[in-house]
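There are two complexes below, and they share chain A, which is joined by chain B in the first and by chain C in the second.
For the complex of A and B:
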């Protein structure tokens, strides 16, 4: 049985930050026209204007941590202030529970609007007919670039996702340690290695390293693969179109192996929060993780800065990175479609994103109209980094089939524990990949 | 009166179990029924050829749990029950303390062991051992080196042994209560008669008490085996570190989340069901055969 499911590379090629930001202005111009058209009204009762829907609306959120939860509450409060006729009920669920049960949550159909991830993960549900088409909402959106639209579009060319924020993965470091010891941000991998050597002789572990849950170090693989083999190869590998047994991938692991001595040992049993604590206490100098590391504590947020993982191969450069986009989607048969769409439209606006970022400053707004004056240094730098990037990936567990991400997680964890026999481990992973992709596409 | 419970039992347990055996011969992503395709024993073949390392590791880990429960936790629970049955002073306090882990939800047990006891940075164990510096921390839950290596790829990993500890902690209390209830039901006149006949402590236990507790022993055996085979929660709560696969986790890993592989997950489940059943049927049959003889 053939599935018309395209590889993630087909959409990810579009999600390049340049188009994302440059497209912002252009889409803005279209908005007025779109608003007028949609104002005539569809059968859903969605008019394209905030304030016309009414009734009850349920909204399921995975924001179980305090800051995102406060941000989500702020979005809902801001929306209900604009349209008091809609009464939004928010259901929070633990982040991991939400993720593992998303299929059942979608089937239960109790929540009209749900938190989710852009790209491959959203597209999968859309192609399965589990999500509602929100193309008419997109006709009224302003301030979201074409890249965001591409990341929200399924195989049928319609939109099923409303991206609201993103964050970047980079090398976080402790500013106090850097200034005290006179370290500088490295510009290439040789400088990075030299810096790590310096730290070691100063009694500091160069890299904090944690892998509880088997996902955090996937970020290390992503960045090394993109630096060594380039963005396109990385996305093709994620999409199942390249072999894991390829000598190019072997080279990534050999490079990783050469960097392992600079990392904390025993990462597999350590939570990312414990890694962040080591960075905060100056036991470790750097930490390759999402900028959400700053959400570990206010102390760390104040001490933390980051730099883009430096260039390894000058022919490839250092202009691609992981920057996962978060947002919201609507179920296939919502009980209050007009209100659901109106809330999704509201979420794309400056008012909503400013409200969210006021509570959770660890992410960057998707809207080019959002207020950036309140951005802290980390957010400004994230936006700059993403701005300058030519290739944006969504992170390994969002760029490939979850089953495959699980197999990668196991292999990476086994590798950092025992880096021997890289070709054997990769051949085993490739064997699994072939089986997983064959099952997925049949 | 038995009709309604039987109906519910069949509908909620047996029908889904048989359906999932059926699904184990298909390939399906869990969404549209029209997309189910038949693949015969393909999933089983895939499990022993492509995913063989996960599968054998899981099978072996389930076996390790069984071995440890049988050799240590179950006898320990029985021994404690025997001691408590002697109406020691403060027996209620001992009972409560030992039964306490059974009352806790496994999520709480997982949390206690993970963040309080095993945490490399601030855990009780590393603090007591003075191993909290980043350079010399002991990684209790992440290190999958073998304590007992059977072959190059299979054995008992250190972190799985660390996971067996909380399981035993709970199991001891459970067995204790079951066995204690049994001991309380032993006719005291039997003990008196044995004492008058001059039987020692060990002789009384072996010849008088243990035989009269046969039904309780059957229950304890079955419970121990089932506990060993269905172990799941605590490993899931502790994020299933490398080297700690068990059969039930392979089932949920394949079937939960989006784009699930229902076929392969069902095949794992069918194997698990066959193991549970095989044992229970064999054990009950051999036990009751002895009774008839």
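For the complex of A and C:
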């Protein structure tokens, strides 16, 4: 399983970008290796060139927040400007309902193109035969590194996903508080603990902590596990191939327990927005969360900066992190396959990603060809962090079976309430894991 | 005498306290719908408002695309309401005005339908809906199937509501004198005419009461729409409210404003037709 995730240095693929796409995207007439790959069209009518499909296309999106919604509209407008023969009908469903109803939405087959997540969650439906193979689209793609391709590939070695953007999880902090109090970004866990001690003596809670919905603190587990046991172990654990009762996992929770006194108490009843507010007000000094924390308010966005969670074990280092990739997929039996594939191809291009990022500056483009000159500091830093990473995970609730993510959420919530009997809690979780995976594989 | 005054005072205090407790969430929702998100997030939900603004309402109206979703709601509600009342009044007419071997059985079948939880049939219903093709009709059928179409929603409302309506209408019709039918039969009125011109006009109070109740119930439906409609554009207004929440961030004040806009028609209908509402609650209760 570990080989299906974007690996490190492959995120940007500069050589390919310069040779294949010289200025083509900028003029709007994107012809991506068209001549070479025209034979890949097959029965679907997809030619690998944007502008040859026609007819009606339906597109279901989970972008219910204003900025992503405007961005998605901009993608469709830019596509229809390049190919006026395709009429795209876009419909939005709120993010959580979309996620919960994905099985029904796929069964319904009403939308040819759908928003979704890279990695395990895409592979899950691809392996069930519910998604359409878009390998021929990938043959025409440029500017997406091998890591992205791996995160879009199912068990049969074919691609079923078009990654368009991602964001990172890191330790966010309030710049004003750091400069006022003379704090510095810690380089290892000893410095992190010393910083937390300092904050406590200054009357600041070191870490904001919120867990309403039982997903936010999964990010804390992910990073601690990757720092203590490494990326491969983390991915194998998520995939059900390692035991939760392993002493290695016990060690993660022991470390977490030693850090808990630096966190806000009562996290299970607090929304992440309340945690972000504490960071904004300077009540808390740091907050381990996705960079979407900045969407809480303009004030926080202006004050916020972040650093990579520091090294715990020098042998493991600090070069892996959660960076969930968002993108799009096609249903197994689309009513307009040629147009669906053409839109997915378009989504991989600079024209599409620039159009999207113009409206939603909270994420980073997947294409190495996208225009980064408009990036704000947070985007630049996210891109740097992800490009330097040797292991990128998708976040616990995207890296494992939904039921397992739920079981983890329950266990983590119980753990932060009462950190006693870690081995017992983990043995219970392992028992649940065995049942959930047995059910899943049957 | 003194004790009755004292008990009355006690009862009043009790009632005022209960009313107050019940009103807290509603008042909280109304107040927060006028407050900007930044204020409630920094000062807390229970704080004295500094700024009052209508921007949540305009925001909810635009982001929720409410006009469109209202059109969807009424495209489902109006035909469903008429069909329910029409069909159930015919069944009620048959089982209440004529003695027939299966009268009781038929009435029981319809009444039992009320006891069936909606959730229990959703999976087979979804699979059936998925297998019934329909021609594309702009607005009403965009999916090419019963599933995902407004016609499918209309049908399931008619099916589920007709049990209760039949029960109420048949009880009401039983109170009308049998002689009406006999006299009209002697005058040569056909069965249809007896139903349409004699009995139905006399059932008007019950129909009006039921129509107001059914309006509120179908308007407020959430379950069927969420389960059967996959296309975000085709959701009725109550279920489309979800589109105001985002992936990570949900502006609760915006949702409060959106909810107030959505409940406005039912509140208005209640105020205009409260007589029928109250009649509706006791309709068929006595003979």
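In the analysis below, the second predicted complex is superposed on the first by the 404 of 442 C-alpha atoms of A that agree within 3 Å, B and C clash if a C-alpha of one lies under 4 Å from a C-alpha of the other, contacts with A are read in each partner's own complex, and residues count from 1 in each chain.
In the analysis below, a contact is a pair of C-beta atoms (placed from the backbone, for glycine too) under 8 Å apart; a residue touches a chain by one contact, two chains touch by 3 or more.
What you see is a predicted model; the values in this text were computed from it and never measured.
Contacts of A:62 after superposition on the shared chain: chain C is touched, whereas chain B is not. Set against each other, chain B and chain C differ in how many residues of chain A they touch, and the higher count belongs to B. In the superposition on chain A, contact is made by A:124 with chain B only, not with chain C. After overlaying the two complexes on the shared chain, residue contacts for A:246 are found with neither chain B nor chain C.
Using the contact criterion defined above for the overlaid structures, shared-chain residue A:105 touches chain C, although it does not reach chain B.
Of the two partner chains placed by the overlay, only chain C lies in contact with A:95; chain B stays clear of it. Within the superposed three-chain model, A:277 lies in touch with chain B and with chain C [touch as defined at top].
Residue contacts after overlaying the shared chain place A:297 against chain C, while chain B stays out of touching range. Put simply, chain A uses residues 101, 274, 277 to touch chain B in one complex and chain C in the other. Per the touch definition, chain A reaches chain B in the complex via residues 1, 99-103, 121, 124-125, 128-130, 205, 211-214, 264-270, 274, 277-278, 283-284, 401-403, 406, 410, 413-414, 417, 428, 431-432, 435-436, 439-440, 442.
Every residue of chain A that touches chain C in the complex is listed here, in rising order: 58, 60-62, 64-66, 68, 89, 91-97, 101, 104-105, 107-108, 110-111, 272-274, 277, 280-281, 290, 292, 295-297, 299.
Those residues of chain C whose C-beta lies close enough to touch chain A in the complex are 38, 41-42, 63, 126, 130, 142-143, 147-148, 226-227, 230-234, 242-249.
Listed in rising order, the residues of chain B touching chain A in the complex are 27, 29-32, 35, 37, 46, 50-51, 53-54, 118-121, 133-135, 137-145, 159, 239-242, 253-254, 256-261, 263-264.
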